[in-house]
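What follows is subunit A paired twice: with subunit B in the first complex and subunit C in the second.
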Partner chain A sequence: MGGVEHEDPPSKRVKVSSEESESFSNSSSLREPARCSLSDSMARPLESRGDDEVVGVKGVVKKVELVRIIAEALYSLGYEKTGAHLEEESGIPLHSAVVNLFMQQIIDGKWDESVATIHKIGLMDENIVKLASFVILEQKFFELLDGEKVMDALKTLRTEIAPLGVHTNRLHELSSLIVSPSQTAIDGTSDQRLRIRSRKKLLEELKTLLPSTVMIPEKRLVRLVEQALDLQRDACRFHNSLVEEMSLLTDHQCGRDHIPSQTLQILEEHSNEVWFLQFSHNGEYLASSSSDCLVIIWEVKVDGRISLKHRLSGHQKPVSYISWSPDDHQLLTCGVEEAVRRWDTASGECLHIYEKSGLGLINCAWAPDGRRIFCGVTDKSICMWDLEGKEVECWKGQKSIRISDLGISSDGKQLITVCKETMISLFGWESNSEKFIEEDHTIISFALSKDNRFLLVSLSNQELHLWSIDGSVILVAKYRGHKRSRLVVRSCFGGLEQAFIASGSEDSQVYIWHRVSGELILTLPGHSGAVNCVSWNPANPHMLASASDDRTIRIWGINQVNMTQNGRHSNGVCYCNGAT
Partner chain B sequence: MGRIFVVDLDGRTYKCKFCETPLALADELVSRAFHCRRGKAYLFNNAANITVGTLEERMMQSGMHTVADIFCCCCGQIVGWKYEAAHEKSQKYKEGKFVLERGRIVDGVESEFYIDTHPTMSDAEDA
Partner chain C sequence: MDVDPRQWENIDVNDKDIHNIVLSYLVHNCFKDTMESFVSCAGIEQPADHLEDMEKRKRIFHSALDGDALKAIELTEEFTPDLLENNKDLHFDLLSLHFAKLICLRKCTEALGFAQLKLTPFGTMQKYVEKIEDFMSLLAYEEPEKSPMFHLLSLEYRQRVADNLNREILAHANLPRYSAAERLIQQATVVRQSLNQEFGKDGNQLFSLKDFLER
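Up next is the complex of A and B:
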């Protein structure tokens, strides 16, 4: 059942939590707790060096740092007593006495004293001292202004803030406030505050200014944990479902059963090879086209079943290309070197036929505003029409080869087409500028990601190349494994956040790779002919469609039985059903 | 058989006799002096729109070579062979080159007398 799956070694779980608690209990019995009360001047360095300097298996976590961020976390959570107790019991103060004094002075509004204290902290960088002083005195300035002590505020500005010699622009803004103290005015040009802020917020900003060894950043432990969760999620090769909660208690790892791998439906309405298919942007429809010259619009029902909605006949040649309008209300279809037809999705009516006499059209695409369409022509040019069929523009010259796909970049300003056998052009159709992607082998087809920022290129040497086209053009990844030697075989992006790449293959299977790692994770047998095209439902990461020479379309999904049994997991761990 | 991927060749080309698919550019012609069992054959630097068969050792007039038969990618007819390796030094120049049998290709020039298979688009022009 399902796909041919590749073995992977079970993931290792590093049990850090139990080791940490061991080393804590060890240290408190081995060492005498140093009576380091908060009124001492500076934290004494640890007397004993050696094993209890680091915790954890890898030996990279310094105990002093760990205890300090735990203390900070306790204080952030509001557990003042426990935080203080931890500092005492471990002998590791969260902040040195000087810093504690400094923080208290800020909260109490003792500005001059706090500026003096900064110099006592022992900061290496003079600039930081100045920047911190500026911020503190700025607060003093605002509080004076707020208390209507304008002369004092002015004095502060002149004699205390200005000599620092930093943030001169800000200085000018502050002086303008003395002249026109309209406190409620919000300056549209600068995003700087013009109103007083709380002392607590001032303290937070100071924590970002001062080095983190001096003042532990706010909520540092929580941020580290969030980083770990992000990394776990990124590393999860099968992650394809919106798991509501990730637990801290076990590493997150999805099983393969969240990736479509079971044939849920076989659609047999075409009477010849199915060459192309694509889901609409909203995932509610699927359009397929065949060498029987027919286009079919299918409806995706709420329960996931696909049913036939319209048969669109009219083309006299095999239909090789389909393009959904940005709002999905209309559809463009292109017959091989024939004409392009525009259809209405709801009624199935053919609204317009676009042709060029003596020539054939090879592909079609919508402008992002849905009011114009682009088509490649057999004479290597590209044409732009308005919806009524009036030719608005035509770019001649070597713009396109005979078999080429057509796409639009994310900003709608570049036309993407294969202009030479081994070259893709990103043509700024208004600016007339051009960027190129150069490959070493013949380009067969390409697909754009949902956000149009990535390009997946299929090559004659049986490789798929992933290019980033947002800004500069960079090759990002390569995927191999599928078979292609004679036909136009297409691939696509899909899954949650487009985390996967899928492709058809001449060996009748569907291939699925994990996009970031490049790893081939599934091959899906089932079709009895070459799989020409695949499309992943943009609105349902669990639905994949494939079109084959065996005249059928297969709809792939996840194992339904398994999902109802396991349902939603609160710890983010999903077990594979074990069946292959 | 799915949509067969065909590369367009610009310029004068030699095409498959059976399905008109362009197989090689006249510019890539190296020699007209080759022979096969069925008659004359031409040697080209490059060929396009062909599928390559399995490699085998073959004794040719000029010595032992490693060759593979080549077929038109559209209609599947055998059109010639490709030299993968030559065992004798004097024959090394053939490596990587393609031979198309004269009897299986048509010269691009003749296409001037050829009936256009692309029908005009709208019915009105037929009348």
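Up next is the complex of A and C:
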């Protein structure tokens, strides 16, 4: 309650209605029993003070309720005098006199009287009265036990609590407590339920039990404000930064400037079209691959600059797909219809080459435990290997066609591949069960969300379809705007809580949509060739990378004040041998 | 599947076997006088002198059945000193009988004191905690017979505890825990039911001893 010690009875708040304001005195809590007769008439709260008066433009906010929650807020914040003044001036009491009496009795520990008072507060059904009485008498019981008045406690239990007929299990627990009040659980931790809570806490619990018209819930106004902020945040289409920014003074509306939209770096290490790139799970590295058969591991520095760490050469064919291990210590790369190589991130060394004689591999993925890998093969089957290269299993049949996307579902139990031109299979590789996503157009590529619960499918009709795959398979949204007709163009999720969808496009731009509303919010020009792939840094919602046929990678970020003049920072020159 | 009753004719039953069955039943249930009378009528040998023990066992059994648990415990301790020591479950059950009795007599203060002294020490073991709670909950009611835990005050419960005690004492003296008659009935029932399950197409009623005997 905003700094008020729980020992002090909140004396100033418990007071008579405004009708008594003449005799309003600063000191005290209710003492004269004579008030009780008045309190009877006050048992029906708040009649004739213009109960129906409304405030606000929409006419839905009742004045009486508003004033009451403001008064509660004032008391919560510790402004006793102001709260009292408000009640007086507005003529609207926070609580009726009966309720005030009740609250005072609780604080004073006058249990029997408070139980009697509860019955006098109208508007409540039998059951609530019983539940509230139970809670009050339970407190009485504990205080008696604490004061070593065991027989009195027993008497209370038998004659007052048991007859209520509610909470039978708790009743039995209380019985046991009489016998062994210091009973501790087997593992030695002392039992929570034994500690007497303060009377203040009791009052708080009663507030949740009794209807809110009788007793205003604690901090109601603050809760309403929090709800409003939540709604504002949900409605904000550009929301990409953390919540500290929210102010009560204006409606929350992020501007575009929180979405990466400025080119911060251009990376020019590749000598041919850059086909694929992906940030590591921890956002500290970026891996890119190109039709020049090279894979590059880049390091994301603390200040956001990207620098080259390793050049991984070895593939004889263009590298079309990369997969980071779950712990980011290793990398799988796939040469088109060639082999899959496993690399160590720290040293850049090639740890293993996976091949199938006579056949080529077309995609690769890690099992969630990081100890096995899956690869799609040109004969449309999928193989699972352990790290040493021993083939553990092979699923034949039309499992994976010549499209280099392979994913694992969130529970690690389903392999996601494109099994036919217009169909994605979610294949339970242990259970051998299969679910399908059917589309009307040819599937070009897909991407999984970070939590692996959503699938973003790119189609030949230039649409992106968002599917929920957690449990049953449902189409959730569609995104349009980008251009794709000849090439494989990839998309991804990104931003704070994956609130955005980004995609490459054949018109050399990066497209960004708001995921929930489906609205296209940004297009980013800059590349001079088709943008093949995008990846949003999972650890930094303000960093986006794009890979293009113009042989460069662009790093996009938010508008920074001290950017260099032309926004370019050429990276390849200083680090020619991959040292960081 | 029903066994053809005529098949029974092919089985010879020895009188001696039947005597033993009856005898075992009488010994198990401490029917000392009946046993003596039966032995002399049937002209068989008196079994090795368990007579005195039977008498003691009978008193223990009846004390427990009447709810006079403290007496039962005292007699048991006298008769077989280590039995309760080694059989905590039984010990607890007997003590709880006494508690139940105090509750029935509405002697709440005494019951509370007794519980604190005798029952709570068992609370260190998890398996007793729930039982203790169940019994303690009787304290909360002015009319415990109408409470959800009323079965703890019932004759059936006392019967069960007394039976257990009896069996343990027998076991301690290296005598069978179950009388022969009990075992035979159990065996016949189990066999019958198991056959029913295996060949179980027709009607499949569970074996009913009563029906069987009335045939």
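Just so we're on the same page, the second predicted complex is superposed on the first by the 457 of 580 C-alpha atoms of A that agree within 3 Å, B and C clash if a C-alpha of one lies under 4 Å from a C-alpha of the other, contacts with A are read in each partner's own complex, and residues count from 1 in each chain.
One rule holds in what follows: a contact is a pair of C-beta atoms (placed from the backbone, for glycine too) under 8 Å apart; a residue touches a chain by one contact, two chains touch by 3 or more.
The structure presented is a predicted model; accordingly, all values stated were derived computationally and were not measured.
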Should the pairing of subunit B and subunit C on subunit A count as a clash or a fit in the superposition?
fit
Return first, second, both or neither, reflecting whether A:R158 touches subunit B, subunit C, both chains, or no partner chain.
second
Quick one: name whichever of subunit B and subunit C touches more residues of subunit A.
B
If we overlay the two complexes on their shared chain A, which of subunit B and subunit C does A:V61 touch? Say first, second, both or neither.
neither
Go through the superposed model and pick first if A:I178 touches only subunit B, second if only subunit C, both, or neither.
second
Looking at the overlay, does A:E337 come into contact with subunit B only (first), subunit C only (second), both, or neither?
first
Kindly classify A:C394 by the partners it touches after superposition: subunit B alone (first), subunit C alone (second), both, or neither?
neither
Who does A:V222 touch here: subunit B (first), subunit C (second), both, or neither?
neither
Going by the contact rule set out at the top, does A:E355 touch subunit B (first), subunit C (second), both, or neither?
first
Minimal inter-chain CA distance - subunit C and subunit B, angstrom:
51
Report the residues of subunit C in contact with subunit A in the complex, numbered from low to high.
108-109, 112, 115-116, 119-120, 123-124, 126, 129, 132-134, 136-142, 148-149
Provide the residue numbers of subunit A that touch subunit C in the complex, in ascending order.
150-151, 154, 157-159, 161-162, 168, 171-176, 178-180, 183, 186
As the complex stands, subunit A meets subunit B at residues 273, 275, 291, 318, 320, 336-339, 355-358, 360, 401-403, 421, 442, 444, 460, 485-489, 506, 529-530, 532, 549
Residues of subunit B defined as touching subunit A within the complex
1-8, 51, 73, 118, 120-122, 125
